[in-house]
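Some structures to go through are shown next.
You will see two complexes here that share chain A, one where it goes with chain B and one where it goes with chain C.
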Partner chain A sequence: MKIDVYRKKKRQFTIFALIVLCMTFISAKLTNFSFVQGISSVPEAFRWMGSNLLITRESFEKMPSILDKLIETIFLSITATTTASIIALLLALLGSQTTKVNGFFSTLSRFIASVFRNIPIVAWALILLLSFGQNALTGYFALFLATLGFLTRVFTETIDETSNSSVEALQSTGANYYQVVSKAVLPECSPQMISWILFMVETNIRSSTLVGILTGTGIGFAFDLYYKSMNYNVVSLITLSIVVVVISIELISNYIRRVIL
Partner chain B sequence: MDTVKSSVTFDIRTKPSGKIKITNWNKSKVVMTGTLLVLTLLSMYGFLTFDYKEINLIQATLDTLANLKLMFLQANLNNFTLAEAIYQIGLTVGLAFLATIIGAVISLFIALFAAKNLSPKPLANTIIIFIAFIRAVPTVLWVFIFAIAAGLGSEAAILGMLLHTVAFLVKAFAESIEELDAGVIEALRASGANWWHVVTNAVIPSTMTSLLSWTFLRFETNFTVAVAMGAVAGAGGIGFELFMASGFYFDMKEVGFITYAILLIAVMLEFMSTRLKKRYIVKS
Partner chain C sequence: MPLLEVKNITKQYEKDKKVLSGISFDVNGGEFISIIGPSGAGKSTLLRCINRMVDFSSGEILFHNTDIMSLSKKDLRKYRTQIGMIFQHYNLVSRLTVIENVLHGRLGYKTTLQGIMTRFTEEEKKEAFHLLEKLGMREHAYKRCDHLSGGQKQRVGIARALIQQPKILLCDEPIASLDPNSSKVIMDHLKNISQELRITCIVNLHQVDVAKHYSERIIGLNGGQIVYDGAPQELTTTNIHQIYGSEAENLILA
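And then the complex of A and B:
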């Protein structure tokens, strides 16, 4: 009996491994990916990085303009996140099982969240680019819409998970909807929500680089410009400055999370 | 008869107006309020300093809404056939799959050295700092950097995505391994098992399900990344078609069709990964 269990497990594992191998082979065929070429280009890439991605004195002269673009990108991701979080909070209050007004709005809110979340940010950027042009607002709205979808989902989950008992306690004392939301739901959920907002600020700095390449704004545009003019020293300076910003924001938000959670 | 006096006295703090104070200003509350205040101020400053280039906001919004209406209500293919569209979606899924599966295998080996209960602390910390650095660089920048060595195409895209996938999965895997009961490892070690025995008999079997769930979660992310790489870095696939349809043909109906296709795959992947996550990662 015991041996049968092991044999069954082994067979399941073998079948699973075979399926994965098959899919890997099909994917490689489909994408024209050759493992040999892929592997052989790795050392070459690192050698190239070691010899070309050096920050020289001349590239430092570009620092003020890079800093300017970088600050634009940081502000873009912060504004998009904060404004999206306000709308997301309203949608989450409508969508959550604990605080919903009625079934229709709850379903609607979940539907909106799902659609906005699952359309990739590049698609939003490309669509908005047509009418907004190369403008800071294009990036802002693209980030805003994607963030809205994500935050609505996590806020809804947070409200569902954390505030059941205190909502019930307040309701039994005769509190009305607004009192329940402001005295039970918001205080209970706010540490978790702030943590998610900080996570989104971090993510958005990386996404806004991507969006910037498409829409010609912020640090993404600067990267694209120097990359295409093959000024790789400046490219490495830009990459390094993005790393510094992302890691500092990560450290700050880790500190805040440790205190509030 | 004497009245019974309560021996417990409550320290009720009141405001000057006589109302009872109910907010307690501890450190966590101060930090939370401060964070929200700083974020609000920064956003206000951001809105004031953006370079708007004299855009007509109302006109642009109306145009976008008209485009969206065209996209979602009259989605259609014009420049390529349905079969080709399915092929392009397959290409994107393939890119994401390859980056995820190769990344997962590499990550598993690195994670064994990055977990603090299996490897010496200095080594684990070095790996964690190193992957934090790799993770901080946006994926698209890695793809561009690899494109110089390998040429624009699937190799560069997969390598760039791979690097980011490894950086993400090593952290997640190492954390899953660290959650393992210390007693199990100790018991095996006491019976004379070496490092490799511990890994194959304790670590892998008991963390397998959560490792697989994390891998699938990353596959979901990588699909979106693969779409982006197609559009930005010329890696082909549905992302590139999206870029062509909107940037060159200005064909909103086709953009609509492609968006629907991406949405369909993404919703399917999300549905599966949410179920896996509920079952294996979040333990309540």
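And then the complex of A and C:
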């Protein structure tokens, strides 16, 4: 017996695979990217890395100043994330179908979320650089705005998905808006929201390195400084320490997730 | 004087599609009424018009002779405390404990701050435990609701509605997700509530036999109109025919 659904799915898959292949080929052509050349340069690149990126004893002398910058970066990311999450929660409450106050604010909130989310963080950093100049505030706002867009979106979805039924129940007991939010929406949604906040802290520590290069603050500044002075040993020490920080933050947040969920 | 008078209400969610049309009936204190009818007949919509979770399009509903559409925001809250609601999917805050969920039923009586800070009086807490005791849920008071069975969750839902000290209990398919045993437990509790506490129960049901067994009065809905309103004993096959359409009859009465 032949089941039509399977045949249809197979055909769809084949067509999809062909399209991806075509697009890869066309893009490579348009951008003059040669696969052969790309692959053949890999060993050479590794050889360079092996000889230049060794962490030496002298580079360790820079450790205290690196740590300083690293801590600055971590705190900047955490502050940007937590402050953004508070505003995002308010916007999400206005935006969600379940808890919206009226249609106008709901649309406005969704609009803000989508604009902020769809402008890349590098673009934010460069735009803000013009008005705030090279300082930590620029980095803070770039992280803040991008985080705000993302968190508003996921918070809105979380509220819509998880708290519909309990909101209805509490409204029908005569509870008012604030009571419904604090007794139904927040208890139902907070674990998932905290999980998203932790995810954003991780992401922001990674992006703040990049933002720091542009705005001249934090670990990104240190990276840029040693990179431009061709002190590649220190550069690799910085990279390594960023990796260590990101992994530890990830471990910590996984632990928190396990406890709260 | 009837407790609740529903007068000629209509409801349309979209233009030129009436979900309810010309619904009228009176409800007295302590009555046990079942509303039956096929899917999409408008049963849930009708219940939600009564506590104004849904605003009807025309007609009026009088509660103690007050037009419920004329209520201010504050009076609407007060009105809703008088009307308990029980749901097919229980609608509990699943991550909170049983006792917390029961006390949610008091929120309508609280100021915003009291509610948010969970300031409940000793009496309210005692009453909550008393209700759980009566529903056989005392030992589960500190369990999280997502650890309960369906029948237990529904009893929490009933406790939450009862602590409101309502005049009317609206039950939207309270047993549709339960097995026969738990269904019987829940229906027996509802029956007791209406007899002992003289609280009016209006129950949406899908099972005609259950409706016949428990209620004093059955309202049959079809296509947003009342096609039967009377005693369960007088509900004939012809009536069931009218309510559900012809094919369903054999299934239901089998």
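Here is the rule we go by: the second predicted complex is superposed on the first by the 247 of 261 C-alpha atoms of A that agree within 3 Å, B and C clash if a C-alpha of one lies under 4 Å from a C-alpha of the other, contacts with A are read in each partner's own complex, and residues count from 1 in each chain.
In this text, contacts are C-beta pairs under 8 Å (C-beta built on N, C-alpha and C of every residue); 3 or more make two chains touch, one makes a residue touch a chain.
Since the structure is predicted, the reported quantities are computational estimates derived from the model, not experimental observations.
Touched residues of chain A, counted separately for chain B and chain C, are more numerous for B. Shared-chain residue A:Pro120: touches chain B; no touch with chain C. When the two structures are aligned on the shared chain, A:Pro191 is found in touch with chain B and with chain C. Of the two partner chains placed by the overlay, only chain C lies in contact with A:Glu168; chain B stays clear of it. Residues common to the contacts of chain A with chain B and with chain C across the two structures: 191. Interface residues of chain A, counted against chain B in their complex, comprise 20, 23-24, 26-28, 30-34, 37-38, 41-42, 44-45, 48-49, 52-53, 72, 75-76, 78-79, 81-83, 114-115, 117-123, 126-137, 140, 190-191, 194, 197-198, 201, 206-207, 209-210, 213-214, 217, 223, 227, 232, 239, 242-243, 246-247, 250, 256, 259-260. The residues of chain C lying in touch with chain A in their complex are 51, 53, 76-81, 83-85, 87, 89-96, 104-110, 112, 115-116, 157, 160-161, 164.
Put simply, chain A touches chain C in their complex at residues 165-166, 168-176, 178-179, 182-184, 187-188, 191. Considering their complex, residues 27-28, 31-32, 35-36, 39-40, 42-43, 45-47, 49-53, 55, 57, 59-61, 63-64, 67-68, 71, 87, 90-91, 93-95, 97-98, 101, 132-133, 136-141, 144-146, 148-150, 153-155, 158-159, 224, 227-228, 231-232, 236, 239, 242-243, 246-247, 250, 252, 255, 258-259, 262-263, 266-267, 270 of chain B touch chain A.
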